[in-house]
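The structure follows.
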């Protein structure tokens, strides 16, 4: 009988044989191939440049740590650019989380049939390049601009001097990256079943407790991904400083740009870029692993 | 005490009209809940007394869950008034009510372990972690969950395990009034029995008020001080189990507690008569019943009449079918155009195909109005 | 036929050991399912025969759902073999098996209406919309859902309504083998009865194989050809309802079907003796039972013995407590150190505090091995 | 092969405008694509990264062709015989052999000259008079009284020159450590005192709005659109004297070269000839965006096309003397070091 | 169930949302004003209005080409990235498989990378491989950066997806494709829609990658950037206003048509 069954089982081809590709591996296929072809090569190139002779174009033909030596030279002040960029990124993440959360919450729970319209209102302006939108703020804040001009027309002495300051840069970053926090967050909050909030309230939990114990953890995928995106974008920001900030702060992205352009020092630019990637990914992944989504959501 | 339930919403002076003798903990007056066009709860008036154990039964979709959700504060009534110890609480949110609901859908926190779920209400009231854990373990023992489940992902639990976590979580909260929405439906017989006992003990010891939805009539009968029966959004009867069983308010209630034998009857000059003209003996004349009524005889009061024995009402028939109900058997007896149900202990002398006389005593007949 | 179930996983020559007489539709050999360290299903061997209606019962967490998920192809066994009509299907995915599972968690499609949920399997096989709708309405009638629910958002349905949608969806699929995981647990008594009948009819007419998890012992007894009892991942007994009830394989099975009176006994020179030395009369000497055993007497075979009447085994005691079970009463009788349970019809002559003699006949005693 | 009908131009703003390209497109029946970039090094990057196979013409400022692109093999020489004659009709200073159009050894013609201009700084003459500005020159940016009132154009190569000039040092020579130290200190001071660093649009807007009164780095190229808009109070200024052999300003000349494209379009040279025509040269000078003098103004036929307003926009009245006071943009031998110091100085702003 | 505190919170959230929306539109309004003034430079209150810049923008062939290029790239990037990212998100958040942890990390790397550097490095490779940069290479460059972002966005919703629904569908005989169409896609739809929006916007507005990889096919952001730096005219803000208005018309119009269709279907 054992023999018979084994024999029969070979005649049935319902049982998949051969190499079993797990559904996860299969689903990841297109992305992995894309990144393998489209990202691995540039990554290698940049790495090769980072270790090439300074100010040369000798990638893959020279190897030196000179670029890193320059960057880590105590006399070099480029670390301040890193520090500014990371600080801005962190501030952007924190402030945007606070700014966007009530809106995301409202979109999901309060605005009812208006929610779709309100969220689409946040979308329209995004079809305008961020440079142009930032320049709109210049027109608003500048002397004899909309704010100053309007105040003067109303008989006041004019608007406050906000433009071309580090604060203006932060403001610009909050403005430009708001959607990158808002939309993921809204998706995340939409994932919290109403039942659970009811249950928590019924068990005596107040607003804050419900928020901390139920809504926040269950909306975490959205919030974390929103934070991740805004952090990464904030760390690479440059236009805000150039347009609104009058370069009152030099961000690391600008240093990298200068290295590639005015300085024609690709190896230095590559080394800076690699260090930025290491810092950003180090920070992001550390935080992400502390807040492991799989664990938070009870997947594992 | 069977409460006369009026189903119309009371419009003006709502609270003055229903002054209860014993102060009720919860009072519903003309409560309605409408979803779109449809009234899921349609004019319910009822008092729940302090320390009472009330079961609510009723067909699927009759509005039981909706009623409980309104009592717990998850949903506001579309019409009517809910008062807690005399205070109107229509708009008081769930966290401000001394009540707790064990959800039919359980509503467990999927991102928390079994222990964390149970400890949630304790965390809310800032009990120190060690104490919390001790209490959680105690409650887990009570619902028969092994201690090793404390750290288990609650989504990995079996259906019955989840249900017990939900129960333990509500016990942890320990409010004055507990609402249960089919809390034992996913449990096996033994466990159900054990937890029924725990619930009953808890109720007795704590003096809390329990409102309990169940589909198990046995549960409703064994555990409750009163049983309420819902139908199409209305509370059609509420009374002690005995009352509900022996004096159902109408045919719906009578039939709801199990398959019954029923006869349309009319009162003639010579007493009650069945539709087919056969005279029936029923005990007394119930009040408030018109000349047309329905006589109900439960399968367990219907019995096989040994040849020659006396019985108030007798019918000749043939056993058509028999089923085992565990410790008892149910027989379908064919007589005339109809099939009658007779329930008798296992091991009786009759079996399918036998010609038998069945009958019932006048005292066992139930007369209802529709 | 009670199958002797060995609970150890069979390592070598797995299939040779269990040659069934009638060709089984599904055969499990040494099936285990391990989650982490824990074996949720632990070496199950069983055949399901073509056209059979098998109920699976067992305590919460005993592995019933896990077993069904493996049979349906949702989960692969960690060990052992599952064959379908002789073909190994361990790795055959759910959509390639002629089986369908009604989930304990229902798994309704939240974005679809009641109608769309039911029509899902029909849409899969490209039935034209008009035909689909007709079939869906027919099934809705069968599960007693009003026609107006066809377009209703399924998430807005009550617990019992949802359960019926899940059932109708599986019927729409109409596979050779149907698995049900507590499909009627959220329904009221009447509806449950009606759907039990529908299920039974469907089973009879279609000749399909049904495997049915339930916590309702009555359901298991009334509906099934065979009942399997699970405990801690093992299938401890499978047999006809009658067998399971009257010849439980062990004390666990006996007790699972309701509270029982049990006596540890030893066979001495003068027959069976209870632990307290009292001689007991039990019918015959069961095979395969060692000299130490347990005698089980069910509350419904335990009876009040009228003074002077003859009975094989008698105990003197006092009625300590009585409960209503609906049509019957349960009495707790205090005797010596112990409490015995007696179940009797309502309206008996005894009541709490009475001194009574209880007893049972030798033929009603069940002797089990542990 | 098969590129007879297509031409790709990598250029500064202006050559990519419809006014310039459309007539060429229709006359040749060709597909012409032009991309304008906003700094020389980025364009060079594109070629270095391999885009020599795409572009036919590249238009950058003077020293890049001769000192960077030609040695790196990114461009190829023009047929001398065909193109040298054009230089003769240009303004006098472009007479052949024109230094920036030739290879270092003087053998090859590397490109054609067209737009040019002085590029030192821009003032609002309502706030700082032209005379004061010319007189004081670069020292304005070291004047504590003007701190917070000036901007700096974001153009780091050019700013390096500017800072050297403010420090009173000739940028286009090797520098001593002391000079570099002075450069660094000057950079710190100048950047610290700047209200803003920004692009041309921002700086012109800031000048018009009154946010700033003057800005470092800039000239006719940057201020002409504002002047054309009627803000004649805004003016590019070339100091009377300065550290480059006495010259007070710096000027630029764009050179357009043929890319070392293995499959160079025959239209490349056609286009170079096309833009020499008086009408086209005028259009180039006044293509949308920025307005500049062109070397072809040496040809009367071309010059006559300029209206009075146009001449005013490009400060024609003083162009000759300002060019005379300017040294031509060149490579700074220790540019990288200076740039590093300046970048460090910029960081101190934050 | 509404307490006074809740009503207050609701009100506060409404006001806050309205305030943020006002800020979102403020620079857009300033740009709209600038695009309608006569001069190049902006002074408020505006003295002379003019439609000149709108006219020029609308009649510019160059801008038509740029819009065409930008749209072409953005549409293709949106379609491809949503397709890739949908499966990518399933691998990220739905399936349990061996390489998952690692995959979850590598997928983040491209977005950690400074975009101009990525663009330049890609350009080096395209040229090394003999591929002429064009809008097609820009599509690839955009995908490298955008697919990971969209994967994350869609993954959010996948985290909330109940896998037993797929199991149930499978058990009812549905094929992989059928399940995808009838169960997975509709339930993940909000996430996919958000992902598509992200993809489109990130591509439509991308400057640093396009700068290096679009070859001769220029795009709107490249044009705007060069205009801003050298050669600013109010065509820049005019084009911005037009983009906002077209987006509004498209999205609102689309939404309206969708609503009408749904209503009609509901009636039928």
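General observations
Lettered A, B, C, D and E in written order, each chain numbered from 1.
What we mean here is this: contacts are C-beta pairs under 8 Å (C-beta built on N, C-alpha and C of every residue); 3 or more make two chains touch, one makes a residue touch a chain.
What you see is a predicted model; the values in this text were computed from it and never measured.
With steps allowed only between chains in touch, the distance from chain C over to chain E comes to 1. Top contact pair of chains, counted by C-beta pairs, is A-E. Of all chains, the one whose Cα centroid sits at the greatest distance from that of chain C is D. Put simply, the C-alpha centre of chain B and that of chain C have 24 angstrom between them.
Rounded to whole angstrom units, the spacing between the C-alpha centres of chain A and chain D is 37. Separating the CA-averaged centres of chain A and chain E is a span of 14 Å. Rounded to a whole number, the gap between the C-alpha centres of chain B and chain D is 91 angstrom. Touching two or more other chains at once are residues 73-74, 93-94, 105 of chain B. Residues of chain E found to touch two or more other chains are 42-43, 120, 124, 225, 228, 236. Each of the following residues of chain D touches two or more other chains: 42, 45, 154, 199, 201, 205, 208-209. In the complex of the two chains, the chain E residues touching chain C come out as 162, 164-165, 167-175, 178, 182-183, 186-187. The touching residues of chain B, counted against chain A in their complex, run 72-74, 93-95, 99-101, 103, 105, 107, 109-112, 120-121, 123-125, 153-155, 169-170, 173, 175. Per the touch definition, chain A reaches chain B in the complex via residues 193, 195-196, 198-206, 209, 213-214, 217-218, 296-298.
Those residues of chain D lying in contact with chain E across their complex are 8, 12-14, 16-18, 22, 33, 35-38, 42, 45-46, 49-51, 53-55, 154, 199-201, 204-205, 208-209, 221-222, 225-226, 229-231, 288-290. Remark: chain C residues 35, 57-61, 65, 104-105, 156-161, 163-164, 181-182, 185-193, 215-218, 221-222, 241-242, 245, 255-259, 298-300, 323-328, 343, 345-346 touch chain B in the complex.
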